[in-house]
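Two complexes, one shared chain (subunit A), two partners (subunit B, subunit C).
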Partner chain A sequence: MEILNSDLQKLLEEFRFRAKNPSVSAKAWKTKTGGKVVGITGLDVPEPLIHAAGMLPIVLLDRDEDVTLANEHVEMHQCGYIRSLVDQALKGELSYCDEFLFHDCCHIVRMLGDALHTFTDKVKKVQFAYFSPLLEYDTGRAQVIKEMGKLKKRLERLSGNEITANALAASIRLFNRQKWLLLSLYEIRRAYPGILKAVEVSHIVASGMCMPKEEHIQLLERLLTLLEEEKKKPISTNKRIVVHGSLCECCDDYVLEGIEAAGGVIVDDDLYVGSRYFNTLYDEALPPLDALLQAYWQRVSPCPTRFEERNPGVYLEELLKMANAEGIVMVVVKFCEAHDYYYFTAHRYFEAAGISELLVETEHGSAPEGQLKTRLQAFIESMEE
Partner chain B sequence: MIFAGIDIGSTTTETVLLDEKQRIVASSWVLTGIGLEAAADETLQQCLAQSGHRREEIGYCVSTGYGRELVEYADSDFTEIACHAKGANYWFPEARGVIDIGGQDSKAISINANGGIMNFAMNDKCAAGTGRFLEVMARIMGLDVEEMGRQSLLAERATNVSSICTVFAESEVISLLAKKATTPCEIMAGIHESVVRRVHMLVQKAQLSVPIVMTGGVARNIGVVKSFEKVLETKLLIPEDPQSIGALGAAIIAHSQYRKKRTKEKGSRKWKF
Partner chain C sequence: MGKVNRLPCTAKISPMMDEYYAGMKDLNCLCWCIGPSAYETMEAAGVSCFQCESSSARIAGGGAATPFIEYGQARGVSPDMCSYAKINIGLVLMQQDGKWDQIEERYHLPKPDIIVCGTICPSMMQWAHLLVQIYHVPLFVIDIPFSYDDSLEALREDALYVKEQYDNLLKFLIQHSGQKEYHMDQLIEQNACCREMDFYNRNIAELLKTVPAPASFIDNAVSMTPGISMRNQKAADFYKEFMEEMIDRVKKGIGSLENERYRIMWRGNFPWFKIGFLSRLLAKHDALLVTGEYGVYGTKERTANRLIPPDGYDRNDPLFSIAAANVGKIYAATYEHKWRCEFAQYIEEYSIDCVIIQAPHTCRPWTLTTRDLAKRVEQEYGIPAIVLEADHTDPAYFNDAQVETRIKALLETVDARRENQQ
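Take a look at the complex of A and B:
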């Protein structure tokens, strides 16, 4: 790929900086507005509800740094994402958050709530959104409706602001705007493979998860304008690859870079810090609270923590077709049992469908790059046959 | 015109030269040591001397192994997985599976009739089930790896070596030897079974079909080979020089890459006219 123009390089550096330094954006926002910052985890936390209450939702992401202080409290064989968050909290790096709101998606996230409360700042009690994963049952749906109402009241109490229907509708429009822009970016990525590196795309999405949406939208609009010039440059003819996985955390840079160094070009993804974050739009024609509920029930990407009949393999095969991709790399984070089971369902489907697939198991703080490089290159070589 | 394949592995470096009819004209190996490029150069020089060719006669050179990117004069690099697949296919075109146990990694490769990769699995975070594991064990026994293989066949039963980690297994074996409740041959048989248990998981993962070729230096250890044959319930195919199969495969790929390049060049010349 040719050298990017300097404006684009500066903008990409801005995305990277914002992604790696959420506290900078959060503190600036607090100074400007005097509002509260809510640290959140999980795709199913209804962010527009927090925004409509006049607070700033920041998705808490893992950091690619060694876990040190958390070792005393969280075992090495626990989820790396949780270990990283506890570590960040112990180091005071989450002190910019006034509140925490997590989606109760697995027992490990519940443990995170306890760990943050017990080991770090006892004043901050972690709030949970208890949305039933039983999507196929009426009782499950009734519970989600009830919980959404309760959550609205809790957020109103936390912020001291009433969440009006108009305010929520405006927040939904804002979030949809960000989603549309990111969807447009991914469309460009599919049409012009290699126009941006996968790590750059990851920073673009990550920054949007941990900075005010209004500011991120401005950056995205500028990005799409600058990419018009890049479209004129030659596109990559490497093997077109889709990456799935890292369902609660950032996909490691060395994996994304490794795929591209091995002769692949990532044309789409099904990553948490990727399309999973923005591919479900809110229906603006519905009453705003119903739009949030519908987004929960009809999420585009299947999830291993839900009880649903969809086979993830079917969804991913569709994604591969849409991206005209030749293979998929499945990134499974070690010690995530839910994802392990989910992976095998998809794997069996791929085998039967004859889809080229490579499993990459990652672990926080461990990067066997030499071995991975060989496996990724061999995967690309196998597609040449 | 000749074609060179250079395999820089963690333990040894090999080079194989092929002529235009894909006949092996020379092969050589040295211990890799810390000078990876020097090891590659040394084997290449030895091969050129053996075959009486000059360096300028090399039409295409492919490097493989962990040091594959360090060979500056290589025209391209391929993984040892692709190269072992091609090399195994050269000797045994009927083979549909390859087990390669190298110095620090093990691989199971499912291949097609052309020696192309269909599926593969390799160890990624642990050296158990590799040549290094056997080297450590052989050192405790005061033997070389091949001799350990021969002596293990004298055992009537195998002692269970349960530790997965190479370091812990070393302590376990020392402790077994000290207890004297079991013979050294039985312990050696147990060591081989331990390697096979690890690599068999990869074989299952990559869904290997028979016939299966075993490549890499460990294929010289008759104890591991026999233990594998027992578990797999099939006879393994062992090439004459299992250690050089990666370099041989690299030379085969060099040959085909050269042909592809030539075809492309001819095509582009045609367009110019």
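Take a look at the complex of A and C:
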């Protein structure tokens, strides 16, 4: 294995630390600005709107720790993300958030707001945004326009700041800058397979979801500079794999590491903590609020909680082609029901199109590494035949 | 040992629904419906409605669910998907693969010409989308928003949003049925049937307050389908008969059980494949389910009634009536609304001794917060409550012995508290 230079190692450690400790970044930002921190769920909360109101959006991620306190309240057949979030709330780990804004992205998250408030007084009442899931219907679009307008007013009330068009445009430019840098990183990843480990990439994206964008951009710029040197090293010739899934949480490290250990190299992904977070850019030519709406309707990755005509298999096939990948690993989080249907539809498409695919089901608190290793090895070997 | 004394009219349900489903084979335009899909709008467009969840419940009730579930799972369907969908998709795949000899004729699914989905959770949209990939037929999705704001103003806005979608639904139905125009008069007439049906159901709900109860809430549950799928005069006539049989029993002092000792509130959907088992098990202990929110139409505090007083129906605006009813469904409401409308009002008015909450393994919207709701029942009313982790239509998640033990323990707790009170 090639040894990374020490500057790069230090920087990757910084990304890892920031990803694992959102409260550290949030508290430092609060001390510096006196602003409010808003904990959010789902990728459809329009983060630039929160930023333009002078607040800090932090995407609440699951934590790689055993769920304990939440077991008293939440059934084992709820997804790990919900169980982890309730657990964090009960343990007071979300106390750095001044407000919560959740997007009504699935039937469980919509109940979660109430649940958190019922289970503990350690979190403030959760605010919800309800955006119609009907992305291609005029009635649905009209509802989202109305809701976005209402949300803007709610955020103005919460922050005490007016969200001007100029401020929103500036926030959009900032968020686009982060997206561009991450897109550049993924381009490098496709061109120089193995230049970074998949877990490192996961930390890089995760940190950007839960720290101030301004700081993350600085780290990304430094990263891209340091990677110039790494490009000179030999690239991996392992089987090129795309990973899809883990739609509300970080893809488990043992899955990403398992793919690489089995003889694969991850050249692209369609993960929540991955390209799904940044692959839809805001159109800066549009009035800023319209840019947020367009990004909601014309997302790059189809989402199982939204309704649109296209088959997810078609999108994933295009991604595979773009990444020149030979197979796809579909990571479905246990009890993510919307994803179960989405997976089945994509699976049928892959079968018909002759695309190599492996389903990996993950469950919070469980890491069957041995079993997965065997399956991954067999999958990679099958691509060599 | 108590004996189940079902209302005689409930024996008509199975043949009535068999006839209903059998009549679908030769129709011009058949619409598969998932979720709350404004079923009563269909007939006036020349479209027949096939309700997918009801069909799966019927199959499960007939003890025939497992082979379809297993067939789907062997083809990649997740065991954690809604079991209504698992039965439906498994059956669809079996038919696609020509396995007709393995399917009882009464369960054969007629091929859809169109699909309509009223979505109250993403699973329904995805289920419908999946069916479209198989059948390649047009789909119309209706978004029923979740009500975070309980104010009348917000609810009216939601209802108007849904009504606007129903306007488009009528155009979609006409476009695909081949009928020249939509028969609004027929819809108004059908809406009147629904109003009549709700009137009977409100009375039925009132009659269940009688001690001893003249019917079991299980009688209500097994009689839901005409109210969901048919929504016509025939359905209204059935509920009238149901109500009259109850009135007759009340007059004669006849209870559903000879010796009613425990009155139970049921929360959540039912394990349809174990309805008989549950009914007999409870009767054995002189216990009776007397009420609950699931399957009861036209009960008070409904959003529709608040938006359109006094009973939720506007004869001149049937689409708004349907929309108002849909945004008022309990699964589109907050925890406090659930507590108030699904628990408190029933416990207070039906002389409830204990509560059973079903947390179905494959219907998660029903489950989150159930443990805390059970605790709240105990804290606020001093009566015991249990959470049964079972399922609505997948027998894999039901254990007879375990359920019996838990229900027995629940009833013993009621006894112990009664003794303490003496």
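The working rule: the second predicted complex is superposed on the first by the 382 of 385 C-alpha atoms of A that agree within 3 Å, B and C clash if a C-alpha of one lies under 4 Å from a C-alpha of the other, contacts with A are read in each partner's own complex, and residues count from 1 in each chain.
FYI, a contact is a pair of C-beta atoms (placed from the backbone, for glycine too) under 8 Å apart; a residue touches a chain by one contact, two chains touch by 3 or more.
Since this is a predicted model, take the numbers as computed values, not measurements.
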Please determine, from the superposition on subunit A, whether subunit B and subunit C clash or fit. fit
Which angle, as a multiple of 10 degrees, do subunit B and subunit C span at the CA centre of subunit A? 80
Identify the partner contact of A:P368: answer first if only subunit B is touched, second if only subunit C is, both if each is, neither if none is. first
In this superposed model, does subunit C or subunit B come into contact with more residues of subunit A? C
In the overlay, answer first, second, both or neither for which of subunit B and subunit C A:Y130 touches. second
Please indicate which partner A:E99 is in contact with in the superposed arrangement: first for subunit B, second for subunit C, both, or neither. neither
Determine, under the contact definition given at the top, whether A:A378 touches first (subunit B), second (subunit C), both, or neither. first
Nearest CA pair across subunit B and subunit C in the overlay: distance in Å? 5
Please write out, lowest number first, the residues of subunit A touched by both subunit B and subunit C across the two complexes. none
Interface residues, subunit B side, partner subunit A - complex: 66, 78-82, 105, 112, 114, 116-120, 122-125
List of subunit A residues in touch with subunit C within their complex: 72-75, 77-78, 82, 104-108, 110-115, 117-119, 128, 130, 132-134, 137, 139-140, 143, 304-307, 311, 332, 334-335, 337-338, 340-345, 347-349, 359
Contact footprint of subunit A on subunit C as seen in their complex: 76-78, 80-82, 85, 89, 119-123, 125-127, 129-130, 133, 141, 143, 145-146, 148, 161, 164-165, 168, 334-336, 359, 361-362, 364-365, 367-372, 389
The answer for subunit A against subunit B in the complex is residues 361, 366, 368, 370-372, 374-375, 377-378, 381-382, 384-385
